[in-house]
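For reference, chains read A, B and C in written order, and residue numbers begin at 1 within each chain.
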């Protein structure tokens, strides 16, 4: 794969992805959900904060599709608003992981030597922690809040991005054309933007979509424990956490937000699978 | 007859539909006899050999027609369980790649012993003793020790010896050897062939020897069947086939064979490439590459003609005087 | 074998040192004066001073780390800021709960994934394969707390077949222990089962095409033996690697599952300690968790040698 071929290689990659129906359905679902979350104030049938003590803990009905919570608030409307937080939180965690993981991975791959072994030992140490324990420890230091929880999740996910960047950078940097570019005096910045980034972008896409799912699950788990989203905000995981107390009387309080998490995560993984398959063939035909 | 392969047809499901890769193949092997099945890769020789044990992966492959008789019993109509009992017990098989055809996760001794346990019902200890004997038989030094080694601890030649020990552990009546020496270097190859010859005499086995190498055939076989594009094109005793080939393809193979004492002579290569199985020539399948082809060759598919000693699928063979070699 | 284990243990020392440094520096990373922060807004100056002393905040950093590490090596993890109990004592008391939950979860994950992965992998595209693949995808996507709540709702609350909460030690009766641990362990192990199944299925598909499987058939071995002995032992090699990673994330998952099922384990303690700002306790939890994770990974490494003789020590 040469740098000049890369834009068209990326196009080929996306075209192959577009042929995978299941993954497209996943992408469609995530897009639809995002649009619904953005438009929540316009389409939600009720004010998510409107308390109605005459109708508490009701099951699904034609007036309240997903029932009502312990304060008589409409669960469907609350879920629409919670979708904003769940989606944004996942995005936030992945962006943080990219920020922490990509630059050191790039440096380790280019510089090698001590810089490389230092970053590798650091990722080893991070990966020795059971992931959720590490997240809880970070939250214990920073204090429980959604942003802090997502910083913790970002830290958890960053070693994988770092290793991916490092491996790709190393293999590209040893290619003859990169050595040639360097020998004729091209700057490192030029080499990175022209040669390395185009090659790493596709595998990075795969990892991003899978990790968006992982981050969403992690956010849900932490918010369920009360370590993530704090009231009055609510994410799907936090809704399950609150519904926990009423599991016997109103299981729908748990059922619907949990299903929403599962379906969205499944959609994100399916996108990742599709990207990986599209990528897999790319690798095979190019080597 | 020990083994009779009668009108064997094998098909594979491809993007062109079911295509026939083995077409009307007939041969037989007597006890103590070695038949060489010779051809290029893709000629159907390995598929034919695998079909005897019904090891063709299905899907995509299937035996669409024919009979395979071992001591008069049709293996193709046996229930799975009975066929399984013949495999390894009555028929042993040695494959080309000893590195990949031995299981890396088990010791050599265990891999031999389990065959014996399965078929002869020996105890663990007795089976292991039998495995050590078998390793000794194929002249692996210090067999007690080596039985406890793993395949990756063996050299290529040693692995192939171990594979032979495994195939012979139950003293089968028939040995199928699929290019057993191809992956080895020449000196080791000669040793393995010598070993096979001795073991065959000792057990009076029939051997089906699949190879693309006519030199090896001259070394070890009694009779030869030459395959081209899924068909047997010529069959004869080794001496006869080498001296008086009756099919232009055989002649081509002989000419392409390097010969001792004829240094400096240019090897002649058969021009062109074999046809693909989904687009076979309507007449003789070799006609497009044949230097002697006449228009008649391309019209009717020729049959294998001649007596049981020497048969040829060339419609012109009586009119041609093909050149053989005295090498064999 | 002993040497192999010792070498592995020695190789872990630098890693554990880095981990201890990270855990120690948690105190340093707390924004503001940790003593004030931990004591709460309306704490008396004496309490703040006591906490400062407790955390050793009056000494230089490296000295503090040295003291802390020395105490750690002697099994002294400090004193809880919340209950004045020894952190090590509290942890040891709760460890059996978390450990039996995690080990049972691994056992359940293996009990599901090995047959499912084998059955799906020997016939790719079959009905079984499709069912397994869909099930595995679901297993990856379903949040474990939700799965736990749904199981508790259906099998413990609606139908009182299992107790919904609590834990009974093994000593109090195997049946009691079993009924308390089964739902939580299934909940915890389900995601790992999904990942292991996917891994094993893929490996089986590859291995079944290998030459040595054909050889095993040619030897006349029964189908079951070809699959379970020859193919599986090779397909298990990548699975064992994944198992180490999964064991790690399983230990993390105990935090959530213990909360769902009200089990008095280390995970529950960790969450409670975040809210009570009991930093020494959290540090102890993290140290303990990493230690257990390292031990489990050592076991996995040892079993790796069983499956793959090429890496076995001579």
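Convention: a residue touches a chain if its C-beta (ideal position, glycine included) is under 8 Å from a C-beta of that chain, and two chains touch if they have at least 3 such contacts.
For clarity, every value in this text was computed on a predicted model and none was experimentally measured.
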Worksheet item: Can you list the groups of chains that still touch once subunit C is no longer counted?
Response: A | B
Worksheet item: Using each chain's Cα centroid, which is most distant from the centroid of subunit C?
Response: B
Worksheet, complete the sentence: Per the C-alpha means, the centres of subunit B and subunit C lie apart by a whole-Å value of 54
Item to complete: Could you please state the distance in Å, as a whole number, between where the Cα atoms of subunit A are centred and where those of subunit C are centred?
Response: 23
Worksheet item: Where the centres are mean C-alpha positions, what is the separation of subunit A from subunit B, in Å?
Response: 56
Practice prompt. Note which residues of subunit A are touching subunit C in the complex, please.
Written response: 121-122, 124-125, 127-137, 139-142, 144, 213, 217, 220-221, 224-227, 237, 240, 244, 247-248, 251, 254-255, 258, 261-263, 265-266, 269-270
Discussion item. Taking the touch rule as given, give the residues of subunit C at its contact with subunit A in the complex, in rising order.
Written reply: 14-15, 18-19, 22-23, 26, 29-31, 137-138, 140-146, 149-150, 152-153, 157, 248-253, 255-256, 259-260, 270-271, 273-275, 277, 279, 282-283, 285-286, 289-290, 293-294
Fill in: subunit C partner contacts - residues on subunit B that touch it in the complex
53, 55, 84-89, 93, 95, 97, 100-106, 114-115, 118-119, 150, 152, 163, 166
Worksheet entry | Parts of subunit C lying in touch with subunit B, wherever the complex brings them together | 210-212, 214-223, 225, 230, 233-234, 307-310
